[in-house]
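In the two complexes that follow, chain A is the common piece, with chain B as its partner first and chain C second.
Here is the complex of A and B:
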């Protein structure tokens, strides 16, 4: 069977999506990046290889996320795309009439505005990471609640308390203050959900015209408390797509499919699942060529230098073929 | 006397020519780098904007190299920049440096004051000598602006990656080293030859993006992550709204020599910002309208964090963008060095305007 693979290397999770030639999801993986993107990519490849039957043939690979360049060096990608475009592509494939995408991931949040299937505007969070997955994770941990139950508990609240959502530090001190006053955990959690939604709308969406259908995706879309808070604040139905947690990877796979079908002669750059068993090493050093002191990263595959980046002037990145 | 000045893009080339031709010894600070930023930030007030911090770093690096006279621009109006020279003078004095600082205020009716300051710097050279040195520097400015415009057009369509930037670097050296008008004319020919030898792709649907915003962040590639080059590499033709020649015309020439062009342009911003708000706030808005009218596909708006004039401009951008149907993206620049975030947004923006353009053309073809 002919398949396309999408890999989204994010700050918190590394996701894989394998689709068939009709764009149907065959297999998805959601792995923690845990600060080691190379290992995450390799273990993803290993899991896919073990799970899949031998008649699978990868015809194209796309990478996205903040680690898209790194992923491309390791697996051999045909398309390397930014996560905003990848998310939009995936969303359109699931809900073709989508006009607004709310995306909240581990470290960043974005809003994408579409009209007639075309991205017309977008924004990413700039001020701080309050309201992203990592912050919710941390608060759940502090309250001793498994993150999976966060939303469920929040939804039970009838009397949400008001929490400042402008900044993660203020939000946390507000929460501690409220908890010491004796508020119920569910009311604090619901209050936090509302604060995060307010913060998102004020700092990321910033007055952009939010029209339905609204799709909510990214890891945080698993949190029913946040979804509910969005619905209450916007007064519209919020759709969480089936593959909400791997939309970036799905988009990358779809983009790879499109690129390869446009160019039929082209062979995929994919190194094969064997890439997972090669030895990858990343090294970095500080260049002393000028006072910029750029940090140069070098990626070795089986002790062979495959890629370099990080320099402003191109002295190193332009000379990879040693 | 060893004269130095802050960096702002290629401004150091004509400035060096000007002062050297008047017999002053010039210390050009090292090009702005991470070190410049680090020492600049260390000694600057935290809430000041990036231009103060980086130029303070320039001064310290130049003083370390033996400079003893700093020439800095002043300013009037709501932008804080007009006060920066004074703040920097105090900071440098506190640090124990021994130096003179000459602040060139825009000559609003005080043109002779400017000449007097030049006379002081240049050890009482005559008006004629100042004029002649100024003429060569001015010619270099014009040539530099033309070069930058050409490079921003060609980079998007170069067939051999990096060719344009190599030619650009070479051209900068040629202009910098020209000692008189004859040598400069020769340099111009050399550059034209070099640039025209770059092999270009035939791109019919080239994307065009305008750059607007605060002058320093627009002109200094170190603080804007060389955004012109990055856009060029993404296959986008870039046009900047401010070039040094315009700035000199508007700020250093006496009013009777000024062109009327800026006033005409400012009219375009009138429905949104009817008065002067400092810096280039009003001009940024006017330029966006102008780019929309010229059929550009998008505009990128740059400002340093806490820049008041541009924040005023930013507040009306959603309206401007909607009415004139042109996508605008704002980048706020500060000390942080996360280039990845900027790159991701740039790529997404280019995808956005490309799709929009294709859709438009498709609409035209199918008669929608």
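Here is the complex of A and C:
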């Protein structure tokens, strides 16, 4: 069977989506990046290989996320795309009439505005990562609550307390203050959900016209407390798509499918699942060619130099003998 | 005498005038290196904490010049258009540098103010010339040569839509002739994407500060339009639409260009606003822009704030997504 693979290497999670030639999801994986993207990509490939039957043939690969370049070197990608476009593509395929996408991931959050099936505007958080997945993770951990139960507990609250959501540092001290005053955990959690939503709407979604259907995706969409807070604040229904947690990967797979179907002659660059058993090594050094002192990263696959980046002038990145 | 001109701030507007003027007086003009990591590092070390990125970078350029020149040229720029001002940081720039950087060579800090009328430029020239000890006859002669060259350069800049971009070690002024024969981009391109790039000249044309924004856009086949290549009368026409006159020249150029293109129904595919974090005037100009653009959401708008902590990866992600958006719209 002919398939397309999408890989989204994010700050917190590394996701895989395998789709068939009609764009139907065959297999998805959500793994923790845990600060080691190369290992995460390789273990994803291994899991996929074990789970799949032999008649699977990968016809194209797309990568996205902040680690998209790295993933592309490791697996051999046909399409390397930014996560904003990838998320939009995936969302349109799931809910074709979508007009607004709210996406909250591990360390970034974005809003994408679509009209008539095309992206017309977008925004991404800039200086502050308050209210993204990592922060929620940390707070759940601090309160001793499994992150999976966060939303469920928050929804139980009848009297959410007000938490300052402008800044993660202040939000945390505010939460501690409230907890020392004796507020219930569920009220604090619900208050945190509301603060996060307020912050998102004031900073990321500032000045954007939010029209239904509104789709909520990214890892944080698993949190029903946040979804509820969005619904209350916006006064409209929020749709969480079936594959909300791997939408970036799904988008990358769809983009790979599209790119390969436009050029039937083209063979995929995919190295095969064997790539997972190769040895990958990253090294870096400071270039002394000019006062810019760029940090150059070099990726070795089985001791062979495969890619370099980080230079401003192209002296290193454009000179890789492959 | 070797006169040091920092390749920063108003270099991107007045360099053709200053260079010709100094050379006509018989001096050698030494330009600092294009902004690089060392210049930025020196700038951060010496400049006051709350300055914006371009002012910090300016300090770095001064450090780069100290050993190479006999005199430093740091004009006190007050106003570059009649009845308008520029950011007050320029007014105090020579003093800021003097108090922050030790062991400086002598500084020429002549005023440049055309607030009352355009004669301000000749006063500026006279004051520089007198400081350097020249006769008023020679100063006047040099001024005439310089202002003629400056005016024809500005005309050429608009008629050939030539952005003041440095190429390698060469200044934008020196690399002129070879550049415009290769890049002829008259009027809005029919089949190319047109992006209006807004921002202060010293941010958008400094390849280091702007992280090669213009080159990145051009490599994607995008035609870049900036306030510097828009005829002045069009900018003024656009700026008249504001209820209250904006008295910062650079802010007026940004708003005027936007209103001109939005209200004349010119085919723009996107607008990018590059602002430095902590910029006072831009905090208001940016807000005015966003209000204007959110009212008629016809053009995608990308706002990028930069400071010394800006990472190129996040910048590229946004830029790539923005290019995807405008290409997607064009296809439909």
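Some observations on this one:
We adopt the following convention: the second predicted complex is superposed on the first by the 321 of 322 C-alpha atoms of A that agree within 3 Å, B and C clash if a C-alpha of one lies under 4 Å from a C-alpha of the other, contacts with A are read in each partner's own complex, and residues count from 1 in each chain.
Heads up, the rule we're going with is that a contact is a pair of C-beta atoms (placed from the backbone, for glycine too) under 8 Å apart; a residue touches a chain by one contact, two chains touch by 3 or more.
Just so it is clear, the structure is predicted and the values come from calculations on it, not from any experiment.
After alignment on the shared chain A, the placement of chain B and chain C results in a clash.
When the two structures are aligned on the shared chain, A:84 is found in touch with chain B and with chain C.
In the superposition on chain A, A:318 makes contact with chain B only, not with chain C. In the overlay built on the shared chain, the residue A:8 is in contact with neither chain B nor chain C. Look at A:121: by the touch rule set out above, it reaches both chain B and chain C. Of the two partner chains placed by superposition, chain B and chain C are both touched by A:207.
In the superposition on chain A, contact is made by A:292 with both chain B and chain C.
Residues 66, 81-85, 116, 118-122, 124, 126, 207-208, 290-294, 312 of chain A lie in contact with chain B in one complex and with chain C in the other.
Residues of chain A touching chain C in their complex: 66, 81-85, 116, 118-122, 124, 126-127, 207-209, 290-294, 312.
Residues 66, 81-85, 116, 118-122, 124, 126, 207-208, 290-294, 312, 314, 318 of chain A touch chain B in their complex. Within the complex formed with chain A, the chain B residues making contact are 30-31, 33-36, 162, 226, 318, 327, 332, 340-341, 343-345, 347-348, 351-352, 355-356, 359. For chain C in complex with chain A, the touching residues are 33, 36-39, 208, 212, 277, 290-291, 294, 297, 300-301, 305, 313-314, 316-318, 320-322, 324-325, 328-329, 332.
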